[in-house]
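To keep things clear, I will list the structure first and then write my remarks on it.
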Amino acid sequence: MTQRAGKLLTATRYWPTELWANPWSLPRYRAAAAWLGGIVAGIALIGAGVGELAAWGDRLLALLGRLGLSAVVVAWLWLLVKLGCVLGVIVANGLWAVWWERKISAHMQSRLGPMYAGAFHGWAQTIFDTIKLLLKEDVTPAAADQVMHALAPVVAIAPCVMAFAPILFGSELAAAKLDVGVLYIFACAGISVIGIVMAGWASGNKYSLLGGLRAAAQMVSYELPRGFSVVPVLMFAGSLDLAVIDRAQAGYWLGFFPRWFVFYPVVGQLAFLFFLIASVAETNRTPFDIPEAESELVAGFHTEFSGMKWSLFFLTEYGYVLLSSFLLAAFFLGGGSAPLPFLDFIPSWIWMTGKAMLMMFVFLWFRWTFPRLRVDQLMDFNWKFLLPWSFANIGLAGAFVWRGLG
Amino acid sequence: MNSEPRPEMAAENLIVTNPALQTDTMFVNMGPQHPSTHGVLRLGLTLSGEVITKAVPDIGYLHRGTEKLMETRTYNQCVVLTDRWDYCSAMPNNLAFCLAAEKLIGAKVPPRAEALRVVMCELNRIASHLIFLGTYGIDIGAFTPFLYAFREREMILDLYEMLCGARLTYNYIRLGGVAADIDAGWIAKCREFLEFIKPRLDEYDTLLSFNPIFLVRTKAIGLISKDSAVAWGLSGPNLRGSGVNYDVRKAEPYCGYEQYDFEVPLGRTGSCWDRYFCRVQEMRQSVRIISAALAKLPSGELLAKGIAKIPKPPPGEAYAHVEASRGDLGIYLVSDGGTAPYRLHVRAPCFVNLAVLQEILVGKKVADVIAVLGSLDIVLGEVDR
Amino acid sequence: MISYFKAVFLGTWALVQGLAITLRYLFKPAVTVQYPTEKLLPYDAFRGALIFDPATCIACGLCAKACPSACIALENQVHPETKKRVPKVEWYTLDLGKCNYCGLCQEACPTKPKSVWHSLDYEIAFSSRDEMVRCWKAGFPLGGRTWDAKKKAFKDPKSHISVRELPARKR
Amino acid sequence: MPLTKEDVIARLLARLPKAEAASVPVRDYPTVRLGAPEDLPAAARLLKGELGFEYLEMVTAVDWLGPVRQEGFVSSRNPHPFLAQAPAPPVTPVAGPGISYHPILDMLWSFGNLRENLKVFLRLAVPRDRPEVPTLTGLFPAADWQEREAFDLLGIRFTGHPNLIKILTPDFLTGHPLRKDYVHQKDPYDE
């Protein structure tokens, strides 16, 4: 005859009509707003205190040089440090992005999302999920091609990690300085599709096969508009080096209006939109998530994957989302430059990451708002709309450059 | 994005038939455990690439034999079992059975009970169509409208809980009337809900109905012509989506539906979108009916006088049908003068509606299976009974 | 050409409107209840798990007759000397695994207050079949006990019927 | 000129000499009893073609053998402390007064005319041991599943049906559950 644990809500039924009448009267609503404001301000202030990460990197390299080791060893050590950082970013991004996606989707849907693990808004949820995934049994279906099935997630994630090498995390803050950075990133990102096709084929499942084939067709197709939509940016910046593109956007028109490529009239916005759409399609997310379309193909190419193999696919997906977000920030949103001159005290890596996170939010926003296209419609959209118009956009950019406006 | 149908790209023309190409078909087993078959429906699909050449629905996984069970239950106990057919909208089930039994008994239902029956059935129609809207959104790939729809549906379920104590299987409409009365508090809550849902329906229109992606996915997909819809015996929004103006509420008014002013929304082409939009419009009409019914709610008794606790209707046969949320729900009831129905047959709208699937799926893409199946809005509890 | 651009523009505009809706809800309070830590109290009419009070029961058996799924069984008490049946219940069982939650037994019960009624408990769950059968006998608590088929003994139900049914005892 | 119930019955009776107006009609609806299975296609053609009844609403039957037998019902397996056998199904059907049972399956079709809001019921008695009825699938696609259902649950053979297989009950189940003498046989899912 004990009353089980739990606070009994007697007074009010949770009707939206009551809750939304005056949200500021709800204590938890005020608390959440205060937390949000505090977190944003805290990040900005901490960033201002830390300063440029690139400078810290230089100091660390100088420290390594003073240890008296040979140059080759230093170079290798430095490489390991950078590799660790990039891998750390990808893994941490997996944890963060999943949690963020769950929270964002929940709040968009009038829910709260994870709330228990880690006490504060379920921040530890994805960490526990990772532990669960690590401990999970790794099932390989009897009908699967054992070797291919095991290899597929690796083939999918390796190019993702490679593609992060020239990514700018702040002004001058990149693991590798490549003059052909943009080309290199697109080249690497294109390889992942092999892993996905392998996964679909090796699973021995018809749904997976359909998903894998859809993924192949889709990713190969959307490579093109994705590449062509950045051409105007490359024309304006005059380089394939991400750092140069970043620098080209520094400074302000009239002293306050940032010279970001997205603000170049018409051509900038179109290029931004095309690149965004193509990136969403490249990362297989709604409205272009037909390879894994859960309502048709159960889970598409990762239906038959479990445990860590599955989470490698997941890491890949979120890794590419992060990659695309950083690319969007670097190409169009001014990279590490502040949107207004007086905000310069916040270092570039905060701006860069913040802009990337904003773009990631857009990815999530799309996902939780739009329905999904059909395979043939997706292809139509690509070949008959996106690609011709991105060509036209290149022409427009050419006119800009020719008239000396770039 | 153009949403114009292009005949040269019609899926029918994409089926590879040239024997020289040496292609093979693939059999895909969709369901009974598949996220989008809305229950335990199994579809055997024969695919040529991604195009369906043959579709065989396989049902019966949820067959509970309620028609047989009712032969050993009293009429009052049968009402409980009717709740379990279409569990997403149980009120019209109760109502159809009670109308048939009342015809046999010869009971005269008091006006307040009739008005309450109308209010509850229309609320249930909104709740059921909200489920449809949400799940159809998921079928097409939009997850968020699902939770919005359930948020609104929750309010209806709260109203039901306040009224009769149950949220899904109501056992509210009884022989000769209804089980519980509504008070001023309930009416106020209900009005609050009606005011709340109106702008929400417009939001659904933005999120789904007129979203270009949704439009290209559902317009010109799963076309059912007027003649075909009638020949296959479709009913409810599926029939009206094809442009056939047949609504039991208008054709054979029951419970005083003739007093209420409402329109029967009709589709034009019989596509998935037409069926979908018929339901959205029906919700608006339901809101109208409920407002009107609450405004002029007659007072008086809730239950007809002179119905025994265990009724024994005179031998005879009766047929009553109502416009349930998913179509024309008919009850054929035979009494042999005993305490239990001698025979009861349910003309389940979902069962009849589902049969058309085998015809309209041929030539569609795998992704369209879900769009078409979802637009038929079946509940397996009613298909299998 | 104009219609093409118009279609593109209107389509984009419709998508943007959809985005605006989801963004608006992002900043509205959630309507959900954090279930295990927060629980809603059902309305008084709610038909939760059945509960029985032997003290007021007159063992008329109307509830058992009314039940559509035969989930109720009971036996009259017999007077020890006269061997006549007295209006008291000897034992009473409710098979919650079969219960339809229809409320017909509660409506049929002639006593005031009701001897069998739907409590407000919506948190019943069973891990074995014998736990589904709630039994009442003289000296049993209000929540009843369940029969352990292996040990052939009564035990308290793992899932207690909460005391929340008390204010909502149906008249 | 709108069609009336009486017109429909008159037209049907005029075309089908063996048919008659049913003695026990479905309440409030015109009901015609056919004389022989051969009449059915003719009646259906007349209804669909000339009278505009394009909507096949229902195909079913009533087994008039007598009240249902309760043997073989699955009772609860939940262990009960006081009873060896769990309580039986609540109501034992008894024969009603003044009704005569006879071993026939009484078929029932319901056709609708959506334009005139009319409905007509056709009845046909077929023997229980050889229930053969011509199919209507050629005229009404809606008959496909409904006839399969009637076959599955009542065992009526629809001659000419393209795909007359079980639809609702599982494959291992033998017999036709809605017949009054159906006795439940133990199957693997009883436990």
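The letters A, B, C and D name the chains in turn, as written, and every chain counts its residues from 1.
Basically, a contact is a pair of C-beta atoms (placed from the backbone, for glycine too) under 8 Å apart; a residue touches a chain by one contact, two chains touch by 3 or more.
Since we're looking at a predicted model, the values are computed, not measured.
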item	value
Chain nearest the overall Cα centroid	B
Most distant chain from chain D, judged by the mean position of its C-alpha atoms	A
Of A-C and B-D, pair with higher C-beta contact tally	B-D
Rounded Å distance, chain B centre to chain D centre (Cα mean)	24
Averaged-CA centre spacing for the pair chain D and chain A, given as whole angstrom	61
CA centroid of chain A to CA centroid of chain C, Å	47
Mean-CA-position distance for chain B and chain A (Å)	42
Sites on chain A at which at least two other chains make contact	13, 15-16, 108-111, 368-370, 385
Residue numbers of chain B (touch at least two other chains)	1, 73, 77, 144, 148, 151, 158, 207, 211, 213
Where chain C touches two or more other chains at once, by residue number	8, 15, 18, 21-22, 25, 31, 67-69
Touching chain combinations (by label order)	A-B, A-C, B-C, B-D, C-D
Interface residues, chain A side, partner chain C - complex	1-10, 13-16, 19-20, 23, 26, 28-29, 104, 106-112, 115, 365-366, 368-370, 385
Parts of chain C lying in touch with chain A, wherever the complex brings them together	8, 15, 18-19, 21-23, 25-41, 123, 141-143, 160-164
Contacting residues of chain B [partner chain A, same complex]	1, 9, 26, 28, 34-36, 50, 137-144, 147-148, 151, 155, 158, 192-193, 195-196, 207-208, 211, 213-214, 216-217, 365-370
Residues of chain A defined as touching chain B within the complex	13, 15-17, 105, 108-111, 206-207, 210, 286-287, 289-290, 293-298, 368-377, 381, 385
Footprint of chain D on chain B - complex, ascending	59-60, 63, 65, 67-68, 71-74, 77, 103-104, 227-228, 230-233, 244-246, 251-252, 312, 315-319, 328, 330, 332, 334-340, 342-343, 345, 347, 351-352, 354-356, 359, 384-385
